[in-house]
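Below you'll find the structures, each written out as structure tokens.
Shared chain: chain A. Partners: chain B in the first complex, chain C in the second.
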Partner chain A sequence: MIATTSLGRKLTLLLAGVAALLSVLSWSMVTGLARQAAERTQDNVLSASVTTIAETLRTEQGEVRLELPYSAFSMLGAISQDRVFYKVVAGSRLLTGYADLQVPSGYGPDQGPGRVRFATGSYLGEDIRMASLTRFVQAGNSPVPVTVTVAQTRYGIGAITSDLSRHAAGLSIAFFLVAAGLTSLVARASLRPLKTITADVARRGPADLSPLHHKAPAELAPLLDALNRLMVRLGQSIRRSEDFIAEAAHRVRTPLATVRVQAEILLRATTGDAERQRLRQMIRAVDESSRSAGQLLDHATVVYRAEALARDPVDLGEVARQCAHALEPTAAMRDIALRIETQRAIVRGDPILIDNALRNILDNAIKYSPDDTTVTVRVLKDVETVRVSVTDQGPGLGNGAVEHLTERFRRGCNVEGIVGSGLGLTIAEAAIQAHGGRLELGKGPEGQGACVSLILSA
Partner chain B sequence: MRLAYLIGLIVTVWTGTASSLDVEEYKRLEGTGERVLRILSTGDLALFSPFLASFHARNPQISIEYSVVSSGELHRAIRDGANVDVAISSAMDLQFQLVNDGLAKSYRSAQTASLPDWARWRDQIFAFTAEPAVVVISAERFQGLPIPETRQEVISVLRDNPDRFKGAIGTYDVRDSGLGYLFATQEARSTDAYWRLSEVLGRLAPRLYCCSGQMIEDVANGQLALAYNVLGSYAAEQAANETSGRVQILRMQDFSNVILRTAIIPATAQNIAAAGAFVDGLIAAGQGNRPGSWALPLLDHTPETTSPGFGPIRLGPALMIYLDPLNKRAFLEEWENAMVQRQTP
Partner chain C sequence: MRYLLVEDNQELAEAVLRRLAMDGHAVDHAASLEAAKDCLAAADYDLILLDVMLPDGDGREFLAQSRKRLDVPVIMLTARSQVSDRVGALDQGADDYITKPFDFSELEARCRAVLRRRGGSAKNEIALGPALFDPLSGTLRRGETKVDLRSRESRLLEVFALNPGQILSKGQLMDRLFTFDSAVTENAIEVYIGRLRKRIEGMGFQIETVRGLGYRIEAQSP
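Let's look at the complex of A and B:
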């Protein structure tokens, strides 16, 4: 499997990117708003100033008169250190102020005489903001429009804006850091169900194909469904192949029995040494095949029965005795003594499977024992467990890793010349594991021979 | 107003040196280097000499040309683009207008940063003294009379003794003196006693002066009994020279103007580095860091505490209000009505 970029990191980066974008946006918005607010403040003060001046407009002997009130300028100086320019024009005649100050004439759609209007321009190379107010003053016979304009540079706005902008930048960075921190938490939290499911699947035993029952988020439900369906299909496929093997073994075993009987008869009837030798080899090969087929059948049985395991009370002592009895003739043929030390020990399980397991172990022990030795079967009871151990005086399990011996078709490294399929321990372990127990492989007492133990909970 | 400047320009045929100005005093300190620092100031040499000497000792390579002119003359010169590196004036309003109209350079240094906000504006105008306007009286001429402490008391004592004070009162001619005009307008704005006092003064045939120094001199030599609105620094210096105790300085308790003497570096300045160093020196001296060479009052950092409620006149665009030709004409009319018309009853 190729791991591309981690989903969590991708999510974190994506969310952090969004947070960064929002931070920048909010910073620029605050800066814009700050500038607007500062501009509005300046407009208000300019408006107040120009209104104050316009209020002093009057006529004296047909002449337009005004006086600039002190407050009109002191209010301008109160807020910022901005330069102030002004101009008062009556009709087309300059009354006072800065003659070269360019004031845009005319009114906007919602402006008119008596309303303050604003304009932005430049004077003496500086950007300025102007407020103008026009009032009609009766001079002589006709009313004269008098326009008062007060202008101010915009340093203050820049200073306030950049100050607030700096603060906003600080806040935005703080916001981003908090958001980024939360983002990684969120990413981790939203990926948690995935992790749970992964851990669950990883924890499963090799034969556990039961469906996963999880409350999965909507996005993961299809994956879980697919996984469950896959496991069902896998289970079916495995069962089919087991069935096939059992069927095949069964079909092979019966003709083999016939072949063996015929070969025995032929052996008795034959006198030539060379022929007898060949016939014996044949019988041995047939035995080996038959045994393998039987074990394959056993294995299939174990697998099949383990799926729906019976939970009947079984006396392990009794099972051990019967098992020993059944193998007595085989042992006797090679002068191997079977010593049985049993006691009554009840466990819950499938008697056939347990018998199967024990028989395979015992069979192994007899098979690998040299002639004229003893194989001991012991049933020991504990508070929680029952242990059935089979000890022989054979060559032991060799010096290789013992845990691999329970794998299919795996045989020890020191068993040359002995007929075997490598399925015995596999079957035993499968049967015991189906009961929740375990198989222990070790050395016999005083380091001699092998000791294989079945351990089941009482 | 501008037209007047233009005419002035044509008439004087400006050559870029102080020679075409109406210079009252002039001093040159020769430096070792090429550079010349040209200073135009309203401050008398008597007050500034120690500081100039100390600055020259610190910066021996700079030659200094120090010219004393009236505040109006100074304003006009800068407006016309005179070759000046530092302009010092006590007429805050005129100085401020120069800055507002973009005729000053910005200057920033550790010294300027040490100034409180009210003592600088846009890093272009720097205050280095805070000087109160005072009343100077001749103790001799006031013998037997109560010493007035408020304007109301001044009004009373003058009104009650017209014979004693007739022709013996001095004050600024606000038409000539920029500082006098600033004092008068600020006082008229701040206290209604100003016009009443002007009326009383007008009836006593006041003598009008251009400068504080002459007024104090005339008090000292007995020609004047009372000089109204004198710059405290000059009075203090004069009083220090007088041992007879004939000159007495009164600070009005009801209200007293405090002006800030300010320096600017004109936009046309040539020798900006030296000008900056000079301004730094002024600020340091004004904050009491050059003892021994400073004859002027210090710029107190907490003006609220100097005397109850009277801070210095604020540096700001409001200073330009009374410089407006219409306003000025109206004010001078009223002032003349009060002061001059009654001079010859």
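Let's look at the complex of A and C:
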């Protein structure tokens, strides 16, 4: 399956994007506010300075006079080292200050006398902020408008603003980094239930269709429900097909069993050689068909179970003992002794598949062994591998290509007269390969008989 | 030996009954689990042959339920050969299982193995002249003398013991002794007759060759 988009990455990117946007916004807001605050401060000080100067206006002998109080300029120096310009004009006469300081003319309708006006302009090529206040002073018999203007360059404001802006930028970046870190944590945390469920499903053996019990978040509950419903349906469908196979096998094999028993009964009562020969052939045909059907079914089971292999602890020694025990009566019928040399050897896998593989190997060994011989089952282990070897005293695996014996329907070149499907070793090999192991076909210890070993990693 | 066969297929049941009777066993037949319960309530059995699929239920479930009360060896007759099924059958308390269609001599071998494991029933000896033969354990006794026969020797002697005085041809003996999946010649029978003759020396009976016809067991004239 190809993951087209990662939910986690998407969520992280989205949240990080939001955090970045918020960081930039907060930075620009802080910068703007800082600028406004600095400007307002300058305006306030300018206004205070202008007011202080204006308050010293008085008339002496019909002349408008003023004093420039030191405090009016020192307060401006308090906020920054900017240059300060001033100008006081009475009527059209310059009382003091910089004559070429361009003061915005007049006052608007809402900016009556007595109110401080502010303006931004430039003087000597430098940006300045000005505050002007106009008062009417009684000079002679007519009031003369006197305008006091104080201006200041704006470097200080720029410095304060950019300083604050730098700090704000640093804070915003830190905020973004923390938010991005938290974001990936949050994404991971919110996807954790999904991971837990996935791991739980992946860990299951092929036969485990029990419902998933998780405290899932509300968003995942429908998925979990759907999964559990699928599991139930799958279970039902598997059960149905298993029931069908069981029923089919029962229906086919029971009449076959009848044929076989009847043929045996007939064989005991018949004396004619030709008839007896025919009855034997009949019995052999029944055996062959039932054996093939059984092994085809076994092969299908192995393939099915190998697809999702269980990894349970399996004691190969115990499996070997049980297999030998189950086949003991068959061996005893032909006075074949089963010698078992086992030890405890734990591997991980599907006990049913391993049992199936070993049973096929052991069944083969007994089938191809001459009467009155011994079949030996040994379980050997070293650091990395466990080996179960089945050695017989039979004719061996022939001189043909031994590796082809595990191919489907391939039988040895010296098996004439023995009922077999040619699937036994194929099944065993498929089952063992599913476990990452292998089959080894060879000769017995003294070059006599066959030795088939099943090798699995410990 | 008294067997109970629980099998719903009438033809198969009849054939198995007939075949078991040939070996001198008494067999009752139940076609359903209900009938099996009645049989078990009415008589004691040495061994039960239990089919897995019965019209009124699953033989395995029946076994799992009644195992505590039922101390009789049970061999399941199953139609499937899948290992998982076999394992299932043994888990439910069966002593062994055999897959249909079965080789009758294998069924007998499994019955013997199960009965031996369970301690067997004591009185199952066949008199051969002055000697007593126990086919289950394969022992032959005459007074203090005891001979342990190997599996095939024991089977061969059992065939003779169950057909006293009757002439058995090599072909008939072959069918009883060898499974049908192995190719054996009649010479093999001669080999086993030779072995058995050595083993039964001094037991008070002998295997006589009837030229051109076969063999027969006879008590030795003193």
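As a working rule, the second predicted complex is superposed on the first by the 247 of 458 C-alpha atoms of A that agree within 3 Å, B and C clash if a C-alpha of one lies under 4 Å from a C-alpha of the other, contacts with A are read in each partner's own complex, and residues count from 1 in each chain.
The rule we apply is simple: contacts are C-beta pairs under 8 Å (C-beta built on N, C-alpha and C of every residue); 3 or more make two chains touch, one makes a residue touch a chain.
Everything quoted here is computed from the prediction, not taken from an experiment.
Looking at the shared chain after the overlay, A:184 reaches neither chain B nor chain C. Counted by residues of chain A touched, the larger count belongs to C, out of chain B and chain C. Look at A:28: by the touch rule set out above, it reaches neither chain B nor chain C. Within the superposed three-chain model, A:155 lies in touch with chain B and out of touch with chain C [touch as defined at top]. Contacts of A:245 after superposition on the shared chain: chain C is touched, whereas chain B is not.
Judged by the touch definition given at the top, the superposed model places A:124 against chain B, while chain C stays out of reach.
Look at A:96: by the touch rule set out above, it reaches chain B but stays clear of chain C. Within chain A, no residue touches chain B in one complex and chain C in the other. Across the complex, chain C meets chain A through its residues 9, 11-12, 15-16, 18-19, 22, 52-53, 77, 79-87, 96, 99-106, 109-110, 112-113, 150-152, 155, 169, 171-172, 175-176, 178-183.
For chain A in complex with chain B, the touching residues are 65-74, 76-78, 81-85, 95-97, 99, 124-126, 155. Across the complex, chain A meets chain C through its residues 245-247, 249-250, 252-262, 264-265, 267-268, 271, 273, 276, 280, 283-284, 286-287, 290, 294-295, 297-298, 301, 326, 328-330, 332-335, 352, 355-356, 359, 367, 371-372, 416-419. Those residues of chain B that touch chain A in the shared complex are 2, 99-102, 121-122, 189, 314, 316-321, 324-327, 330.
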